[in-house]
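First chain written, first letter: the chains are A, B and C, and each begins at residue 1.
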């Protein structure tokens, strides 16, 4: 829609009629307002399943690559607000697009039918291209190796919701810190808070230099280590991500690495009684199923928070909150 | 969700907050209550198209294999009750699942967004696995060669609705009785009623031994025959299914068999004036199109009953009926 | 549903409980009534996003081939009227249909769940076959090289809405006039008005003889030319379509042709100040992006009109307008 989001008022969420393209557009005041709104959404769903705030509103979910979790979450969010969805979650490649239509033309077409657009696209920067073409709000639901801001917001909200605060926390990120888009975005958001960060990864999957420098520039205490066992006793948040076999050229290295990053009930015995384990899911073995019943296992609640935060964001950009 | 469905109260449908996994969980009291509720749904749709009973409720339709008929029927049912649907009817194989996510993890994710889950899956037993993982009701919409209970319920309801009763009826099952999941499930439900059963099939597609023994153990009169002509004059219900060419190694046998199972206006002249012809559809030649205008042809009404019974079941498991 | 649409009352739209299969079923009285209704739909959406006219109504969108634009437009139309959609927009080929089900059987099944059916099918005449099978209204959303009447109606409505009238206008059709289904349908509708027509195309893509004769029989002034530059100064409407490379055997011919049909800001300087440029979209170079900001560029408004006209048509065939 516009690029003025960064200039949005620090009072309130400042999102009415704005795009959501990047985590960089949020300051702590806005985040606080969004979290308060998300809390309201949670209460509404708990009390009555939903409401009619976005009645007669239509959202286009335009997904150029499949993402069951993200699209389901946005669809649920819109429906629980009483709105409707045009799901274009497959086949775009076979239709207009196959005929060579440009992304701006597709965007300018679907915005004729809808009040906002959620876009998932494999190319970095596509969300910004879409937003420039659109006169309706565009929400970036992942643009390749670029950003996925609603994921970062739901992660941040989950920490806030589970532990009541962000300031003063010791947060460890675990796994593939080099390529993990969720880790990068969440880290950027955390730079605005008074937190201590520990990055736990195999050598070849360490956090990129520029991001590590940003952490240091923010003046936050930071450490790196190879093993979860090193930090499990001290952390408030253990944010776990997948370590993909494909990243390793030496499989012996992979097998060794795997052992360091498997969260088990045994490992959890060393953790604080009040802390949370998070994961953007899907997991493939990083967290043992036996941990699921541990009250500190927050990853499924994290999924539900994804719906709540998207409800808040939809209501906000549509000027209804 | 839980396994206590079998222990559900015999008074009322007993389905509130329960899963629907198998025909074995229903006794005649529950079936009577479900049919009464289905009658109400029919009246509501006839009078006004739908209602707001499930307003602000969200249903996930999670289909790991396509089934246009079943998914369309569940979507229509939810929408006519004023609720919304998250349709995950394709692409699951390309997304989280492709990344190796387990069925329980997928279920525990989508239940964060929705109030109930309809699951179609190619593997026997998958619905039970899903129900064990879920804290929300799971409805089995077909698990491979396993069960498809809502199909059996709509079949049973159709007989009840068309003929006003089940007791005292002579019901013939026709076609592929060996592999036909709908025949097996409907037969199991019928064991609880005072019916006479005739099984009409080619030799190589006869009803499995265990099911035939269950019929005999229930003390019901039962016969087997090769030809519809043998029974057409006496039956109240002719339940026809497809005979698939692929089942035959000897094509001459197939061609011979085909002739025995083709329902034509000519054959219908020998049938009672008050009886019904049913078919789970799709058909491919078993019933002549010329029979469609015969008032005894109930197979399209049977489809509509599928929507009504699913409305009743959704309302029931969501505790709204 | 029926074939009596042609006999529909000339007073009012005459569409209640009728099918929409062909542009031939509309006379100018009906078109006027439809346009008035479409204006109302526009006002409703502008004022409040939508209404509850079709609350508790269910529409099946049965698409045997993908068409993002058309299906999105129908889904939005139904949702803005407060109704719901069963989207069968992919996978039909893998499911019942793959099992050999006939189109009439599929139609008679899905109509059990819904109040109207929108059908897109690759075969000419399929919409009529569907309508004969159905007892609910069928709307043809494109049947191969056959018709796509709602596209023609939205085109006609756009001219009317942009210029306030149809009579007295000079309308030029540009591009592939030989195979372009939208050009053929719109031309047939225009025969009922007092317009002047110019057809602009390469030699091998000229308007078919029968249609040219129909224009002459209607007594309308008509011209043909190879170049847009010849007419740009005089037209009220420039209706541009794609010229597909595949149509040419001689690529030199294609390259030459391309230059004649590229709408640029430079070319637009010669156009009247009050005229409109239309395109059914997607475009692939026929209209320069630089034209988009020209107030005479109506092609995106044309898309929005697609939603408004489909709202009007859905309300009309469902007897609610």
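Here are some notes:
Convention: a residue touches a chain if its C-beta (ideal position, glycine included) is under 8 Å from a C-beta of that chain, and two chains touch if they have at least 3 such contacts.
For clarity, every value in this text was computed on a predicted model and none was experimentally measured.
Where subunit A touches subunit B, the two copies mostly use different residue numbers: shared numbers make up under half of all numbers in play. Its C-alpha atoms superposed on subunit C, subunit B is turned by 120 degrees; the angle is given in steps of 5. Inter-chain centre distance (subunit A to subunit B, centres taken as mean C-alpha positions): 41 Å. Subunit A has residues 87, 90 in contact with two or more other chains.
Taken in their complex, subunit B has these residues touching subunit A: 55-58, 60, 84, 86-88, 90-92, 94-97, 99-101, 104-106, 108-110, 112-115.
Only residues 48-51, 66-69, 72-73, 75-76, 79-80, 82, 87, 89-90, 242, 281-284, 289, 292, 300-301, 303-304, 306-307 of subunit C touch subunit A when the two sit together in their complex.
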